[in-house]
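Each structure below appears as structure tokens.
Two complexes follow with subunit A in common, the first pairing it with subunit B and the second with subunit C.
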Partner chain A sequence: MEVSHKRRRKLREALTGYAFVLPALVLFAVLGVYTVGYGLALSFARWNGFSANWIWVGLGNYRDLLYRDETLSPIVRDAAVNTAVVMIAVPLLAVVAGLPVALALNRITALRTTLRTVYFLPYVTTGIAVFYAWTYVLQPEGSLNAILKGLGLGTLAQPQGFLGNPATALPTLIAVLAWSSIPVAILLYLTGLQSIDPAVLDAARVDGATGLRTISAVIWPLLRPITAAVVLLNLRDALQGFQMFLVMTNGGPGGHTNVLGLQAYNLAFFSELRPTLGLASALGWLLFVVALILAAVNVRVLKSRT
Partner chain B sequence: MGKCQPGTRILGAAVAVVALFLGGVACGSDSSSGAGSTLEMWTFKQAHVKPLQDAAASFKEKTGITVNVTAYTPDDAFKSKIQSAAASKNVADVLEVHAAGEDFVLGGSGILADLSSVVTPEWKSRFLKGTADAGLVAEDRYQRSLKPKAPDAGIKTGQYFSVPLTAGTFGIVYANKSKLVAAGLDPAKPPTTWSEFINWLKIVNAKDPQTGGLTLGLKAPTTGFNWALQPLTFGLLGKEKYQALFSNDPARSWASPDGQRALALYDQLTPYWSPGTQTLGIDDADRAFAQGKAAFDIGGTFTLAAFQQNGMNPGDVVAFGLPAAEGSVAGPLKLAPLALTGLAVSAQTKKQDDAIKWLDYLTSVEQAGAFAQASLDLPGTDLGADASRLLGPDLTTLQNVFGDAAAGAYDPADVTFFSPAYEDKLAGEALVRMSPLKESTPASLSQELGTMIATSWK
Partner chain C sequence: MKARALAYVILGVYTVISVYPFAWMVSGAFKDSKEVLRSGNLIPENPTFDTFARTWGELDFVRYFGNSLLVTGGTTLGVLVIYSLASYAFAVLKFPGRKAIYTGFIALLFVPGITVLLPVVILQGELGVLGTHIGIILPFVNGTAPLSILLLTNGFRSVPAELRESARCDGASEFRTFVSIYLPVCRPALVTIALLTAVPTWNEYVLTRVSLGDPATYTLPLGLQSLTATTSPQYNVIMAASLIIVIPVIVLFVLLQRYFINGLVGAVKG
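For the complex of A and B:
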């Protein structure tokens, strides 16, 4: 009798547990598994989002994107090159600018909180409105040109605006993207710096290491996992993010700032209702595969270095 | 309070769920028809909401039918809204859609009702010549829809999906009167040829290089191609050779000397673009013109409303059709009006009779005139002798550029000669790379466009 009672109680407890988990499972099944499955299926179909039936094309969408469509594939290739440039430049800038600022913020005592807030502002304010604000700053009659002229650096001013000149448009967008991503790098590096055992730094000092030597031989290796996280986060943003490109240039001028995320968005919503949703989905899956490879590489780097 | 038994709790919960469900159904559905019923209408044009609401108020007085108007902007949000609503069978009763394009896509997908049995010849006779059948699936349109990758698959010849609400045309040049006067030009005598127009640009730009240029929302790259290059080329070459530029014949396509000649003419604009125009969207460019940052703006008949919304007095603007080049086959260039937006009825609505009444009311002469005055958008309804009274002087001026497509006017609605896979965005981006970016020449661009057109036919 006692055993049976215990078993019933265990069963009830288990059922109660499952009942608590069930809503989350259903939610995930509907919002996660269903949409992921739907998106994957769509990547093998031709559909404009309105018609009742999908036309199955197998791997046709992937082939069109990669090499078969003589109009589309060169555009995708150009967008991939731009995306690669952004993926290299933004994480690099985040590390190169984020670490020194974090080191400085970690060292100073006066105004530390205020300065941390100031450096973190770009992250909390970033978004569509700020990207619009940047476009005004970067226009031909914008404040950046005015400042450059005011400082006697008129030769650096851009008569067509920084986004209107094909040579400066992509570097400018990279700078704005880095501006919004550096605060997170600073925050992560600060967290990493504060977790370093002071005894290690003291030992380096006792051994006669200079400040620069301590950074390069002690702090930098200890912060490698943080650097990996900063790089991965920015790689992901550079690979998948497109809002800034959409708002500030829409891929222009003349297609010079088109990136893969924006190309997928345009295929989905701005192809004059052509049946290109499948192409957009296929491009999304290609981006997913790249992101997966990058994540795997990152995991490997973390494993081997820590 | 006593404790509920588990069975009672389950029963209570079940009753509550059923009550909520029924309540939800009762809230979400109003299938009653006639006086006292309510129609939902969606539009993608924010500027149309107030004029439509005004019309809805007078419509309610006459019929007792309420119309709720909601705008979903920008265009992609509107399309997404329809996509998701169609999937959940919740599309509004009436939609304002892009005419002669979006209506066919939605109609072919079964989202819009076929109005062919409702829109009678008498009703069609209200509309401007060339616009009445914008929503009609003609045989050539149907044939194109059968091609792979055609967006409007599913349409059938003879179906009719939308009646014109607004009409107009592209290729209208707007100039700032005070800047013209300051440069010593007479706004009352606008240029009649392309070279005169280029000369005007040169004079005003020389007077004021910073704000005396030409703007166009080239961030949306199709604008330069569709609104300026195409009408200019049509005038230069005439209809037959113009259409051949988009054909599968390399000897006659954009790669031909004809194509190169047209591109060379367009390239004459290059020195006169206002700084940074390639970074401006359509609305940004109109705003820049309204704020005096540019002396010229190329747009459509609908652009005048944008100037007014941005605080510019329409009386301070001189408008004229894009002038044809000397020696043009189809010059002087006239522009045929096309239906820009249409009114369509959802195939899902249970209140089709009320929706038809609303469409009928909106396209009546008096109401179309009131709508035009409030929105500064030309109506699809032909206002006849009352046009100048109902439209006012500014819109009447715009109507002067209209011509009859049958008599040789450029008809932007005629896209039957394009490949179904032709993408004007790509052509537009290539054009931007030539002008204003100077990254290509008319010769190299003509080859690039020729390849692009040839590929679209494969």
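For the complex of A and C:
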């Protein structure tokens, strides 16, 4: 009697459990599992999105992207180089700018909350509106050129606009990307700094350590897990994000700001009737493989910190 | 003392960098169409509210605003309902396969958006929802699954089990326990999820652009983009439209930033 009652209760709990996850699961099955399977299959086929049949090409799309296609593979290679540059520069800038600002913020008491709010605006507003605001200040008649001239730094001004000059376009986009991702670095470093035991810092001071020495010998090692998190977060965003590139330059001028995500997007949606959908899918999966490698590194780094 | 002065210098410089494009966004939005062509001053010579009013009314931004509210509201509501139910099951209920299903959802975190973007659009076509708002709401909801489940499951797990036991002794059903005990206790986590869903959805442009074709269905980002498609973009109009997109986000953030910040720190640590 007692046993069957318990069993019934267990069964009921299990059924309730399934009922609770069902809506999420249905959505996941349709938009997660199905799309992933479909995309993977498509990456082995040639299709323009309109014709009735797919032509199976095996690994052909991957080969074309990586080395075989004489027009496409150099474009992909350039986009990969640009993506790699972004993946190195943005995390680096996030650390190099995020930590000093967090240290400064941690040092003051008045205004701290207000400034934290102000510093966070670039992150929460990131999107098309802010990208156009940057485009506006970076254009040939934009305020950045005017400011540089006003400061007597006219040689640094860009008559074609910062996004129009092939030499400055990518560095400019990297700066804007960093601008919108530094806030999270500041926030994480600030939380990290506030969790450091003041006794540790006092001890360093008693030992006669100067400010800079305390930072390099005490604070920096203690914040290493946070640095790892900031770097990995930004690596992922730099690999996957291309919205800013799409809005501000769409890869131009002359492919100088093309990145892999953008290349896949354009192959998927803006290739007219050419059969590039399989190629787009294959490129998406190549990005997935890189993301997976990053995630594996992520797990390893997080494990080693404890 | 020197260190403190240096701190203020760093903070001052970074404040300027942070607000720089916003300052010009506001400035541009209040310039007339002649002045905006020159590099000019930050403070408009003849500040005018006309551009703003024209963008809102004549250029249909009031409609785009409504569409954006609908898509963002629908997505946020969907996320809250679907994933709070699922997370409650993952955190509290015992059933075979629980761990495997949970892991499956979290694994989705590692699939880049671009990898499934094309299949999603093809699927929208097959389901007959391409070009509709529901057609973009569903993938948006699914896209936040990993983060929502991660944060909400952690939230529900931290509720003391005794609360559920005592509710059960009082004869409350599972659903009743969920609604009247767990949801109120975890309200901060729910607000966080709502914010972390609403803001990116409000700004979304990549999927929206290839899904919505009819200008009557445009959300604000698409409305803004359509302004730049002309040969000579008018930056005063573009900045006014940008301001219309950014202001609600800033207001929401300033009012609820506690939840934002807890959520971000939690997402990284989780």
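Please note the rule applied: the second predicted complex is superposed on the first by the 304 of 306 C-alpha atoms of A that agree within 3 Å, B and C clash if a C-alpha of one lies under 4 Å from a C-alpha of the other, contacts with A are read in each partner's own complex, and residues count from 1 in each chain.
Note that contacts are C-beta pairs under 8 Å (C-beta built on N, C-alpha and C of every residue); 3 or more make two chains touch, one makes a residue touch a chain.
Just so it is clear, the structure is predicted and the values come from calculations on it, not from any experiment.
Superposition of the two structures on subunit A leads subunit B and subunit C into a clash. Judged by the touch definition given at the top, the superposed model places A:153 against neither subunit B nor subunit C. Once the two complexes are overlaid on the shared chain, A:203 sits clear of subunit B and of subunit C alike.
By the touch criterion defined above, A:137 reaches subunit C but does not reach subunit B. When the two structures are aligned on the shared chain, A:240 is found in touch with subunit C, with no touch to subunit B. In the superposition on chain A, A:299 makes contact with neither subunit B nor subunit C.
Once the two structures are overlaid, the count of subunit A residues touched is higher for C than for its counterpart among subunit B and subunit C.
Contacts of A:71 after superposition: subunit B is touched, whereas subunit C is not reached. Contact with both subunit B and subunit C is seen for A:269 once the two complexes are overlaid on the shared chain.
Using the contact criterion defined above for the overlaid structures, shared-chain residue A:59 touches neither subunit B nor subunit C, since it reaches no partner.
Within the superposed three-chain model, A:50 lies in touch with subunit B and out of touch with subunit C [touch as defined at top]. With the contact threshold set out at the top, residues 49, 139, 141, 269 of subunit A are in contact with subunit B in one structure and with subunit C in the other.
Those residues of subunit A lying in contact with subunit C across their complex are 10, 13-18, 20-21, 23-25, 27-28, 30-32, 34-36, 38-39, 42, 49, 97, 100-101, 103-105, 107-108, 111, 115, 117-122, 124-130, 132-134, 136-137, 139, 141-143, 145-146, 179, 184, 187-188, 191, 211, 229, 233, 239-240, 242-243, 246-247, 261, 264-265, 268-269, 277, 280-281, 284-285, 287-288, 291-292, 295. For subunit C in complex with subunit A, the residues that touch the partner chain are 3-4, 6-8, 10-11, 14-15, 17-22, 24-25, 28, 37-40, 42, 81-83, 85-86, 88-90, 93-96, 98, 101, 104-105, 108, 110-123, 138-139, 141-142, 145, 149, 174-175, 178, 199-200, 202-206, 210, 221, 224-225, 228, 235, 238-239, 241-243, 245-246, 249-250, 253-254, 257, 260-261, 264-265, 268.
Of all residues in subunit A, those touching subunit B in their complex are 46, 48-52, 70-71, 75, 135, 139-141, 159-161, 163-164, 166, 249-250, 252-255, 266, 269-275. Contact residues of subunit B toward subunit A in the complex are 76, 79-80, 82-83, 86, 101-102, 105-106, 108-111, 149, 151-154, 210, 218-221, 275-279, 281, 293, 421, 423, 425-426, 429-430, 432-433, 436-437, 439, 452, 455-456, 458.
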